[in-house]
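Below are the C-alpha cells for one structure; questions will follow.
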Amino acid sequence: MQSPLDLSIASVIVLLCASAAAPLLSSKQKHLVTFTFAASAFASLLAFAGGLSALYGGAAESVKLLIGLPDLPFYLRLDPLSGFFIMVVAALGFCVSIYSIGYVRSFIGRRSVTPLAVFYCLFMAGMLLVLLSDDAYSFMVSWELMALSSFLLVCFEDERPQNRKAAFIYLLIAHIGAILILLSFGLLAGNAAGFTDFSGYTFQAMRESGISGGWASAAFLLGFFGFAAKAGVVPLHAWLPEAHPAAPSNVSALMSGAMLKTAVYGMARLSFDLLPVSAWWWGGLVLTLGLISALMGVLYALMQHDLKRLLAYHSVENIGIILIGLGLAMIFTSFNMPLMAALALTAGLYHTLNHAMFKGLLFMGSGAVLHATGQRNMEGMGGLIHRMPWTAPLFLVGCLSISALPPLNGFVSEWLTFQSFLLSPVLPSRLLNILIPLGAAMLALTGVLAAACFVKVFGVVFLGRWRGRHKTEVHEVGWSMRAGMGLTAFACIALGVFPTLMIDMMNSIPGAMLGVKLDVHRGLSWIWLAPVSAERASYSAPIALLGICAAIAAAYIVAHARKTAVRRAPAWDCGFEKMTSRMQYNATSFSMPIRRIFGFLFSIKEGARASGKHPSAFFPGKYTYTLRVRDRLWYFFYKPAADVSFWLARKAGKLQHGRIQIYLLYSFVTLIALLVFA
Amino acid sequence: MTVSFAAQINSVLAALILLASFGLLVQRRIYGLLHIFAWQGLLLSISAAVVGYSAGLHHLYISAALTLSLKVIALPYILYVLIHRLKIHREVEEVVRIPTTMLIGIALVVFSYHLTAPITELSDLVTRSTLAVALATIMLGLLMMITRKKAVTQIIGFLAMENGLFFAATSATYGMPLVVELGVALDILIAAFIFGIFFFQIRTTFDTLDLKAMERLKEEE
Amino acid sequence: MIITALLVINLAAAAVLAFMGDRKLAPELNIAGSAATFAASLALAVRVHDEGPFVAGGGFFFVDAFNVYLAVLTAFVSMTTAVFSRRYMAHERRHGKIGHKGMRFYHAMFQLFIFAMLLALLTNNIGVLWIAMELATLSTVLLVSLYRTPPAVEAAWKYFILCGVGIAQALFGTVLLYFAAEKIFGEGSNGLLWTNLSAAAGSLEPTVLSIAFIFLMVGYGTKVGLVPLHNWLPDAHSEGPTPISAVLSGLLLNVALYALVRCKVLVDGATHSHKAGYIMMVFGLLSVLVAAFSLLRQKDVKRMFAYSSIEHMGIATFAFGLGGPVATFGALLHMLVHSLTKSSIFFTVGHAAQMHSTQDISRIGGLVKGNPLVGWGLMFGVAAIAGMPPFGVFTSEFLILTALIKDAPYFVPLFLLGIAVAFAALFRRVIPMVFGDAPSWQKPIKASHMPVLVHMGLALGLGLYLPGFLSEWFHMAVEMLVK
Amino acid sequence: MENVYSALMQALQLTIVVAGAPLLTGWVRTLKCWMQGRRTAGLLQPYRDLARLFSKDIVLAENASWIFRFAPYVVFGATLMAGAVIPLISFDLPLGATADIIALVALFATARFFLALAAMDTGTAFGGMGSSREMTVASLAEPAMLMSIFTVSLASQSTSLSQMAHVITSTPLVLRPSLAFALLAFILIAVAETGRVPVDNPATHLELTMIHEAMILEYSGRHLALIEWAGMMKLLLFSSIGIACFFPWGISGHGDPLMLPPAFVILAAKLALIGIFIVLVETGLAKMRLFRVPEFLGSAFLLATLGMLSFFILE
C-alpha cells in the first residue's frame, strides 16, 4: 500500500508523461484521444485514492523534491484539507476524462485535438500540484501552470474572435490575481524567519511567522482578492461568463467544477492555516462578498439564454454560497467558537464537493446538448427529452441538486449553511446578531431563484416543443459521455442521500485546522444529520427519500385502483387553437417577471419594433422584440479602467515625439535635475 | 616657467576655450563653426602641453599631439570635405533664437561653476579651477546639439562636448592614463568616419541634411 | 590567457569575415567564430568556478562571479544568434533587402560588437570599460541602418547621437571618478582599476562620487534604455535587422546595466548612503510604467518588444536599486533569463515578419497554423517574458516582488500597475498573431528552430531548476554588491 | 409499547392529513357560499370531486413526456412526506425528526419544482406562464418565510417543529412582540404559498390571472386528482404549521393517550377558525395584480425582519 502522497505524486507524473507523450501520437488522432483521456482517468483514480486516504487518515505527510530554486526546492505536503480537495478534483477529473473520450472525438476531422489533449493533462497536473505544494514558489508555479494551460484550452477553438477575447480577459484577471497572491505570500515570507536565504518561503515558515496586526490584514486582503479573482467572486467575476462558454464543454466542466475550487482551497489554506486567527471583519468581508456573489450570480444567470453562459453565472452563485460557509467559519473562529466554526467550514467544504459534482454534470450535459444540437442558445431548443432519453434524466438530477431540493446533495450543504446561520445569535456582537440573519434570507432568495432558473433551463431545453426555425436531427450521445454524466449524477444522489458518511470522513479537516471534531449525529444513528443537537434541528435524507417513495407508491396504487384509459390529444390550453411551437414560453419570457422585479440591478435595453407590410396598422405583419441585458459592473469597473489606461498610453506615446532635439533635451533636463536635486 | 605661471597660462587658455564654445553657439556660418572648432582644439592641445610641461608628465605630450592631429587637423578637414562635397547650405539654422541661447549658455556656466566649486575645494592641482570651464564646455556643446537643426551642426556640437571632456581630463586630473587617452582618441576617430558615412546615407535617403526630415519615427496618435 | 583567447577569437573572426565578404561559407564561419568564443568563455567559467575570482593581464582584466556569467551568456547568445542569422539573412539577401557589401559589413561588425561587449565585461579598468561601451555603440550604429531605408537611417542616426551624448556624460563621470581616485593612488592606471577602487571605496571622496554617479547614471542609463533616456531604443530595435535587435536587447542592455552597477558599488561604498539606490529605483519604476503604457498601443511587433525590453531593464534596475540580497539575486537572475527569453522572442518575431513580409501586428495572424514551432515559440516566449511560470522570468520577478513588498511596500501599487498593464498589452497583441486563421498573404519560410528551442528550453529549465554553481555565483555577486 | 404507540400516532396523523384535507377545503368552500349567499354543494363535495376525477379517463397532451405523468406523484408524495412531520395532535412522531422546518419548506419546493416542469412540458403558452409566475412568487415568498422561521426559532432555539411547539407549550405564556410580527408575516406568506386570494385565485380560469391553475391546465383524470388532493393537503399543512409555531396549545404531549380526544377537538376548532379567517379575507379582498405581489411579500419580509429586530431589542 503506497502512502497517499506517493499516490498523488504518481498521478501527477502520469499526467505530465501523458501530456508529453501526446504530441507523438498527433498523427493518429483517434488513438491520441483514447490514450490521453484514459491516462488522465487512470491518474485521477490514483489521485482520488491518495486524497481519500489522506482525508481518512487525517495525518499530514510532506516531501521535498529536488527541483526548484537551489535553496528553495519544491516542498509538497498532503494534509486532510488538501486531501479533500484532491479528492474533489480527482473525482470530477475521472468522470470528465471518461466523458472526454467521446466528446473530444467529435472534434476529430474538424481540427487537430493535440493541443487539447496536451493542455488538458497539464491542466489536471497543475490543479493537483497547487493542492499539493507547500511553499510559495511551487504554489505559484503550479498555480500559473494551471492558469496558462486553462487559458490555452479556452482558446482551443481559436478561429472565433470572441473566444480569443474571452481567453485574454480570463488570463489577464487570473494573472493579476496571481500577482496579488504572490504579494501576500511575500508579506508572510518577509515576516518569517530566513527570508534572505529563501527558507522563509515555505508554508511551514509562514505558519511560524509571527505576522500580526496591519500586516496580517494586508496579507489577508491581498491573498483573498487574489484568490477571489480566480474564484470569480463579484466584482472580479467578469472573466467567468466569457471563458466558460468559450472553452470546450469538458474543459468548462473542469474549470467550473474543479479549478474554482483550488481558489477556495487557497482561501481556506490562507485564512485557517497560514495566517493567525482572523479579525472578525475578515470573515465579515468574505461573508458579504459571498452573499453578493450568490445573489448577483443567480440573477444574472436568470437573464441568460446561452446555456453555458447561464451555467457559468451559476458557478459565481455557488462560489458565493461556499464563501458564505467560509466567512461564517472565520467569524466564529475570530470569536473563538471552534465548534460552530467547524460546522460552517464543513458546510462550505461540503458544498464545494457537491458543486463540483452537479456543476460538472450540468456542464457535461450542456456539452451533450451542444454536441447533439450544435448550438448553445436555448431559445432555439425544446423537447429534447424525447430525443435524448439518457441525457435528460441525468441533467434533471443536476438541476435538482443545484436547486437545493431534497433529497439531493445541494440541499444538504445549503441546509448545513442555514444551520450555521441560525447559530449566529450566540455571537457576542449585537451588530452581527442582527445583520447575519438578513444574510440567511438572501441565501434563501438565492436558493429559490436558482430553482426558478433551472425550471427555466430544463423546461426550455428538454421539455415543450422544438423552438428552432428549421428541424435539426438530434440524437443521443455516445456511451462514454453518458457514462461520465451518469457517474456524476450517481455521486449527486449518493452524496445527497448518505451525507453523513462523507461528512464524518471530512471531520479530520476541522480537526486539523480548528482543533475540534464535529459530531453530526448527536447520539442518533448514522442516518440522522443533527449538527448541533437532536432537539435543535435534524434531517434524515434516507428516511425522506424512503417516505416520498412510499407515498408515491401508495398514491400509484390508489390512483390505479380503477382501470382508466389514457389517450393522447392536442393540448387543450383553454381551447386556444393553432398553437405553434413559437407560442411557447422561452427563456426570455420565462424570466420576464423576475427581470421586472429585479430590473434595477441590470442595465436592460428592451425594444419592440413593428415591421412587415404595413407596420403602422394595428395588426403588423411582423413584430420584433429585442432585449439586451448587460452586466452593470462591466461599466462601473472594467471599461473605465481600460479607458484610463488607453488615455495614459496616448500620453506615454507623446514622449516618443520623433524629434531628436527633444530627446537630447530630455537627457539634458534629466542631468540638470539630478544634479540640482540629488 | 613656474607652476603658478603655468596655472595662469592654463586659466587664460580655459577662458579662451570657453569663449570658443560661446563662439560656436553664436556663429551663423558653417565654415566659421569649423574654424572656431579647430581653434578650440588648438587651445586644448596647447593647454595639455603646458600642463604636461609644468607637471612633468610626458604622456600629456602624446595626448596633446593626438589632439592636435585629430581635432585641429583631421576632423575639421573631414568636415570641410563633407560640407564641400554635400554642398550643404552654408547658413546655420537654429531652433532657438541666438540671444536666448546665449542667456541659457551663461546660466549653464554659472551652474557648472556652482556645481564644481565643492569639488575644486578638494583638489590640490594647479589646474583645478578650470574644471568648471570643462563642464561648461560640455554643457554648451549639448546645448548646441539641442538648438541646431542640421546634422552637421549637431556633430560639431558633439565634438565640442568631446573637447570639454578632454579638457576636463587634462585640467582636473592631469590627463587620464595613456591607454584610456588612446582608446578615447580611437573612438573619436571611428565616430568621425561613421558620421562621415552617415552624412552620405542621410543625403542619399533624404536628400537633405536637415533633421526635420528625420522625425518620422514616432508613436502615432 | 583564456581571456586573451576569448577576445582575440572575435577580432580575428571579424577581420577574416571583413575580407571574406559575402562568400559561400561566411555565415558558417560567423557561427564557428562565435562557437569558439563560447567554448573559450566556458573554459573561463570553469576556471572561475574552480579558482574563484581572479585578476589577469597585469590587473587589466578582472573576472568574478558577476561578470563571468554575463560573459558566458554573451558568448552563448551571440552563437545562437549567429545560427539564427544564417537563414534569416539569407532570406533577406534573396529578397534583395541587403547587398553583398551589406553582408560583409554585417558579419564583420557582428563579431566586432561581440568583442566590444566581452571587453566591456571582462576589463578591470573603468576607462577601458567606457571605451568598450562606446565601441559597442559604434559597431552597431551602421548595422541598424543596414537596410538603408529612410526609417532605418533615421533610427541609426538617433541611436548614434543619443548614445554618443550619453556615453560622453559617462566619460565625464569616469573622469570625476579618476579625479577622486587620483588622490589615493596617484598617477597612472591604478586609479582606474575597479578592484583597487572597490577596495578603497570607503576612502573615496563622497561629494565627488555622488556627482560622478549622476553623470554615469545618465550616461550608461541612456544605453540601458531607462526612461526618459530611452527614445533611441524602440527605433533602433524596430528598424535594424532582427538578429541585431536580438543582441541589442539581449546583450547590450545587460552590459550597460552591468557597467552602471559596477559604478554603483563604488558610489555606495564611498557615500555610505542609499542615494544611488533611490535614483536607480526611480529610473526603474519610471521605465516600467512608461514602457508598459507605451506597449498598449503598439502596431509594430518589433517595436513592441523593444518597449518590453525597456520594461524589463526597468525591473532589473529597480531591483538593483532596491538592494538587499533577495532583490539583487532576483535582478541578476532577471538579466540572465530576460536576455535568453527576449532574444528567442526576437528570433520568432523575425520569422513571423518574414512569413508575412511585414512587421505590422494587424497583418500577422495564425502563426500556429502557418508554422507551429514559430507560433508556439512566440506564444510561450511571450508567456515567459510576461512573467508566467514555469519560465525563468517568473522566478526573478517572484523574488523581486516578494522583496519589494517587504522592503518598500509603498512602491508596490505603481510597480504592480506597470507589470499588469504590460502583461495585458503583450497578450492583447500576441493572441491574434498566434491564433486564428492564417491570412492569405502568409508564406512558408525556412525557419531556424534550434535557437528558439534551446533558448526556451533554458528559460524553462531555469524556471524549474537553478543549477548549484549558478546560484553560488549569484550569491557571490550578491556578497559583492550588497555591502 | 412506546414505539407501537408512537407508530400509531404517526399513522393517525397521516390519516388525518390525507383524509381531513378535503374536509377543510370543503369547509372553506361552504363558508364562502354562505358568505356570498349561494347554495352550497356540501362539506363533502371535495371527496366527490376527487372520486370523480379518479374514475375519469386521462387525456394527455401530445407532447407530454414522462415528466408530465410523473410530476403528480412527486407532488403528492412530497406533500404527504411533509404531512408526516408536522405535529397535528401529538408531539411524538417517529418521523418528526426527519425534517426540520427548513427541510419541510424544501419538500414543498420540490413539489413545486416538478409541477412547474410539468407545466412547461406540454409546450403551451399558459403552462409556461403559470410556472414562470409560480416560481417568481415562490422566490419572493421564501426569504420572508425564512425570516419568520428564524424569528420563531430565536425564541425556541430550534427549527424542528415539534421542538418549537413543545418549547412554547411547556413555557409559561409570555407575550412576545417578535412572535406577533412573525405570525403576521407567516400569514401573508401562507396565503401566497397556498395560492389563495389576494395573491392567486384557486377558483379562476380567467386566462391572464391564473398562476397555479395555469400550471395544471392540461391535467385530467387521476393526475389532476392527485394534484388537487395535494393542494388541499398543502392548505391543511400550512395551517397546521402556523398552529404548531404560534398556537401549539392543546397538542398532546409524549405518550398520554388521554389527551388525544381533546387534542383532536382543539385541532378541529383551530382549523375551523382558520377556515373562517380565510373566507373573510377572500370575500373581503380582490385578487391583486401580479406585480403588486412583490410589495405584498415585501411587507411580509419587513414584518418578519421587524420581529427579529424586536427580539434582539426588546426581549
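Residue numbering begins at 1 within each chain, and the chains themselves are lettered A, B, C and D in the order written.
The definition used in the following text is that a residue touches a chain if its C-beta (ideal position, glycine included) is under 8 Å from a C-beta of that chain, and two chains touch if they have at least 3 such contacts.
Computed from a predicted structure; not experimentally measured.
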| item | value |
| --- | --- |
| Of all other chains, the one whose Cα centre sits farthest from subunit A | B |
| CA centroid of subunit B to CA centroid of subunit D, Å | 101 |
| Inter-centroid spacing, subunit D versus subunit C (mean Cα positions, whole Å) | 78 |
| For subunit B paired with subunit C, centre-to-centre distance based on mean C-alpha positions, whole Å | 31 |
| Between subunit A and subunit D, centroid-to-centroid distance (C-alpha), Å | 36 |
| Junction residues of subunit B, two or more chains touched | 115, 142, 145, 154, 214, 216-217, 219-220 |
| Overlap residues in subunit D, where contacts from two or more other chains coincide | none |
| In subunit C, residues with contacts to at least two other chains | 157-158, 161, 165, 169, 211, 234, 294, 297 |
| Pairs of chains satisfying the touch condition | A-B, A-C, A-D, B-C |
| Touching residues (chain side subunit B, partner subunit A) in the complex | 95, 111, 115, 142-143, 145-148, 154, 211, 214-221 |
| In the complex, subunit C residues that touch subunit B | 125, 127-128, 130-131, 134-135, 138, 141-142, 145, 148-151, 153-158, 160-161, 164-165, 168-169, 171-172, 175-176, 178-179, 182-183, 187-189, 191-192, 205, 207-208, 211, 234-235, 238-239, 294, 297, 299 |
| In the complex with subunit C, residue positions of subunit B that touch it | 57, 115, 118-119, 122-124, 135, 138, 142, 145, 151, 154, 158, 161-162, 164-165, 168-169, 172-174, 176-180, 183-184, 186-187, 190-191, 194-195, 197-198, 201-202, 204-206, 213-214, 216-217, 219-220 |
| Interfacial residue positions of subunit D with respect to subunit A in the complex | 54-63, 65-67, 72-74, 76-78, 80-81, 84, 95, 97-100, 102-103, 106-107, 109-110, 112-113, 116-117, 119-129, 131-133, 135-136, 138-140, 142-147, 150, 153-154, 157-160, 163, 205, 207, 217-218, 221-222, 225-226, 290-291, 294, 301, 305, 308-309, 312 |
| Touching residues on subunit A, where the partner in the complex is subunit C | 66-71, 136-137, 140-141, 144-145, 147-148, 152, 155, 158-159, 161, 164, 167-168, 171-172, 175-176, 179, 182-183, 185-187, 189-190, 195-196, 198, 201, 645-646, 648-653, 655-656, 660, 663-664, 666-667, 670-671, 674-675, 678 |
